[in-house]
Amino acid sequence: MRFFSDNAAAAHPAVIEAIAASNRLDTAYDGDEWSRRLDGAFSDLFERQVRALWVTTGTAANCLALAALCPPHGAIICHKDAHIENDEAGAPGFYASGAKLMLVEGPGAKVTPEAVEAAVGRVRKDVHQVQPKALSITNASEYGLAYSAAEVGALGDLARARGLGFHMDGARFANAIVSTGESPADVTWRAGVDALSFGFVKNGGLNAEALILFRTELADEIAIRRKRAGHLLSKGRMLAAQMLAMLDNELWLDNARAANAAARSIATAAGERLVYPVEANEIFVRVTAEEAAALRAQGFDFYDWGPGQIRLVTSWDQAGEPIERLAAAIASL
Amino acid sequence: MRFFSDNAAAAHPAVIEAIAASNRLDTAYDGDEWSRRLDGAFSDLFERQVRALWVTTGTAANCLALAALCPPHGAIICHKDAHIENDEAGAPGFYASGAKLMLVEGPGAKVTPEAVEAAVGRVRKDVHQVQPKALSITNASEYGLAYSAAEVGALGDLARARGLGFHMDGARFANAIVSTGESPADVTWRAGVDALSFGFVKNGGLNAEALILFRTELADEIAIRRKRAGHLLSKGRMLAAQMLAMLDNELWLDNARAANAAARSIATAAGERLVYPVEANEIFVRVTAEEAAALRAQGFDFYDWGPGQIRLVTSWDQAGEPIERLAAAIASL
Amino acid sequence: MRFFSDNAAAAHPAVIEAIAASNRLDTAYDGDEWSRRLDGAFSDLFERQVRALWVTTGTAANCLALAALCPPHGAIICHKDAHIENDEAGAPGFYASGAKLMLVEGPGAKVTPEAVEAAVGRVRKDVHQVQPKALSITNASEYGLAYSAAEVGALGDLARARGLGFHMDGARFANAIVSTGESPADVTWRAGVDALSFGFVKNGGLNAEALILFRTELADEIAIRRKRAGHLLSKGRMLAAQMLAMLDNELWLDNARAANAAARSIATAAGERLVYPVEANEIFVRVTAEEAAALRAQGFDFYDWGPGQIRLVTSWDQAGEPIERLAAAIASL
Amino acid sequence: MRFFSDNAAAAHPAVIEAIAASNRLDTAYDGDEWSRRLDGAFSDLFERQVRALWVTTGTAANCLALAALCPPHGAIICHKDAHIENDEAGAPGFYASGAKLMLVEGPGAKVTPEAVEAAVGRVRKDVHQVQPKALSITNASEYGLAYSAAEVGALGDLARARGLGFHMDGARFANAIVSTGESPADVTWRAGVDALSFGFVKNGGLNAEALILFRTELADEIAIRRKRAGHLLSKGRMLAAQMLAMLDNELWLDNARAANAAARSIATAAGERLVYPVEANEIFVRVTAEEAAALRAQGFDFYDWGPGQIRLVTSWDQAGEPIERLAAAIASL
């Protein structure tokens, strides 16, 4: 029973079926029927005109967006626990030709306006110091917290005032959306977000992520950068078809609701042991080394997360007995 | 009836089945059962120890290899018609941090030792001129010609003598192998090749290409670069499973044989109109604008390729009547 | 008697005096009295508002300009014999984050509108091919030819029509100006040039080159890039003082007139042996290996320049007897 | 009376004289008589064979070294207050093709083995996290503290054990050397340093810094990178001559002694107000805003350095009355 990460889960059967259904001769790259439907499908979802590009990884989506929002000599403000800082092998520096990350702190890996303001304020306005040019937040955060539309909006106002491009890493965007109940539009462009990495792989997709551009004028340049980075697949219809299957009948929301519900069950069992409120599908629990070993002995797999803490991540396909057993095991520690 | 490019064809049913069969929870990235079998499977095929990494595009395979073989301040010698020069949006310069391509000419997009020697000889050995550090050839070439093992070996000897890393872009490696009948080992590492982009997507794969490293010591660094470029997919098992399905029972050779046979049928019909000998699955035919229009009027789609020429590319799944009709149409021009 | 290159000559005494005179405590970097006078001095010379930044090499001036005019995924059209292609160790690719040079041919290393038009025309307008974004010419050219204002203007019109930034490498700008007699303004911004590398080092300067920006809005970003490239010297007053000394009393024009006059004397002696008309301070002469040896035996040093040709370059401080002797030696071959 | 920074001071007269004396025709770039003497001169100073390259800024020296010691996908460990982090406009990321800085803390901007060990220990050994590949320290530190040979040696041992290249930013190397009285050899290569940026500009030089390579095998590649970065000046003799003049008769040590002595005088006056011990030529003093204003009213110029602190920097040419007046003014606060 694996709770390492949602990115290792199986893809939803509808996704595999969509891939099979799109397996025919069509125009290469993104000229096929499915890829050409993406802008429309996501524009409907976001209640405004957007441009949507498929890629195969969140790292590619994040860094293509950041390279468009930040010049080589600029800095991207992000949380010190952000995925782009810790788990992308320096990809932002690669894609953005040497741009740097400017790290801020904040509880639960969430970025606050105060932290951004302080980071901007520390920089002298001269040619010797790298000037901040973009802001990137992760929603849900690396510690499973969701941003409200109001929180994003406060950051968006600040980004605009300080001339920062605003990117949201939504590897678990679905989990955040079902957590707050706010609309995709309210949490993103209405709150000032310029570009969103809209994750599917952790939510039942196989290998497709969407880069959603609310500043649509960035799309053509990013399409060039996507090719230049080797991310323009020949048979892109397979990626587009996945996403359309996920959007269809709100499968993406159903999947996220299932993962979040599983996480809540475990969270309830963990009670006072929780390190953070559980707002998405990640649960951080305080356990001793002996307790962790005891859980593992019962067949539960998960990562240690610093001394005295473990991380559990639930997936769209985890429900019923395994979750009940894990909840019971934690409750009985 | 589309003859634009083999990269737009459907994937072979066995590939889709393999993807579906690998769709289960497993270790993420390349820690899964299928990915861990790749080194062994390709080592068997190449009759020596190799390292094999999956990626989703030929551009990624090519440029990851080139960045490992050429420093930022070096040059990569390639044909002026090479894919890396003309169709990868400058990806070699991106991946190799500004390294440049040093172009040579040669009939049929093939590189000759004389051309390489001349290119090397033109460069002063000082800090003002970019020094050649790698050689890249395409096999089969962009004009559908296959290199013999002896031809590759002559280039390999030269590469070693001049201190050049040696890369082969094998987007149509299968077509070349069935064309010459020589072994994969003889055409690559025994002939001095350090790294091979082994294509599957144009040959019945869906989205998986292999980067084969004969200099196995390069693999760990390239694995880092792959992640840094956003090419380490979460559910890599889907990519590995594709390749294993293609290697199984020599499906990759069967597919290439089918495409090559189709091309030969058309070539026979084209006769004197052929611009190049047809050694793989690409046919370049001299036609007038009126003749091209006539072919299109009969339902055949293809690209113009310079004035008075068209390019036809056959795929693994093109045989029988459509090919016979195209052959007949060309013969009757 | 060295005729290798004007970049090895001594600096003019007035330049050394200016350095000594500026050797006092002042604001660091470019905040000093001399640096702050540059914009005004060059604006007077060019008859319009310009921004002027000092750097220490032509390579830095060229590549800072090109990186501002061409995105990482774009191409810079230049002559195949251009300094940026042949003698800057790939610096354009480094500064412009992997941008490539798109080479054209043309007599005497001059770029023609036809060549540019053809180069632009060869590029498909898609994401697979690198799109041209800038044009760079060298005036005087690498073969010592000067562009007329009309010639530059024709290129400028084309650059504007095709959306290309327009850069002039003026390592020997002074020699070109005194050659045609046209005004600096007419040959540059009035003809559509966006940025000029204005050389002093080959013309009696010690180590200061000016980057002149007619598109003044580029200056602030380039100033950042200059720092980032390690080209913002602490005691920049030494560089600014050199330039001001060169502009004072038109010393830069006097020096160029002297070098050009010396070149003309030699050219007259060479007569039919000239490979190109001598319009600046470079002379390319057809000689046999024996004749070259004979000249060297008489104490003249110079470079061979391909089979059967030599290159002679005159400097601001070469006049009188050495030039007469060289002219006589060539005449008597 | 300016105490902003030593990099704004005048150059020593002997340096200006050396420039004037080298102003003659000679081989261009670094082929001249003076440049060819550098390896020998610095090898004598460091008691072993070294390679020495001139550049014009500390940023160039630092980043050329770091790019040779750290691959694009690696990290350079340095202090959060290091010059390369705060005052070089992101040049390390530019030169090292996107490599990142990994920041550590420590009193007085000094790096400790414990801090390095902790930083290394925090990194998972996988492809997702950027692996540390180099260590860079500043001696004297940004807060004017000198490393003992033993301190450097402890870091050198750790660097070797962890596979880190080891760079020392010696913008104020002379001030550190005269402070500890230890030999240049003991403080650098005998303690494990691979490359040293040996500063002259802050110590009476005009525009020349030396990059000293104890790992001499790095020099040829760095020479290429220097050209590629536009840092190979045509008349390099002017730079080499400066350094030789500084090394002659130990002028570099005399200058540093003078600056350090001036700093000590001020430090004695500051007494309990000192933020750090004064071991070189920088003095950090606790003053109220009113006291700072009072000092400025008496004609002393300096930077505020965070709330309640000011920074004073002395130069080689500051002695006698101005120093006495400043000391008295501080003592009487």
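Letters are used for the chains, namely A, B, C and D, taken in the order the chains are written, and counting of residues starts over at 1 for each.
The working rule: contacts are C-beta pairs under 8 Å (C-beta built on N, C-alpha and C of every residue); 3 or more make two chains touch, one makes a residue touch a chain.
Keep in mind it's a predicted model, so treat the numbers as computed, not measured.
With centres defined by CA atoms alone, the chain at the far end from chain C is A. For chain pairs A-C and B-C, the one joined by more C-beta pairs in contact is B-C. In this assembly, the C-alpha centroid of chain A lies 34 Å from the C-alpha centroid of chain B. Separating the centre of chain A from that of chain C, both taken as means of CA atoms, is a distance of 50 Å. Mean C-alpha positions place chain B and chain C at a centre distance of 42 Å.
Chain contacts: chain B has residues 72-73, 88-90, 94, 97-98, 127-128, 224, 227-228, 232 touching two or more partner chains. Those residues of chain D lying in contact with chain C across their complex are 2, 4-5, 7-11, 16, 19-20, 23-28, 55-57, 59-61, 63, 88-91, 94-95, 201-202, 206-207, 224, 227-235, 238, 315. Within the complex formed with chain A, the chain D residues making contact are 72-73, 75, 86-90, 93-94, 96-101, 127-130. Listing the residues of chain B that touch chain D in their complex gives 71-73, 97-98, 127-128, 131, 221, 223-228, 232.
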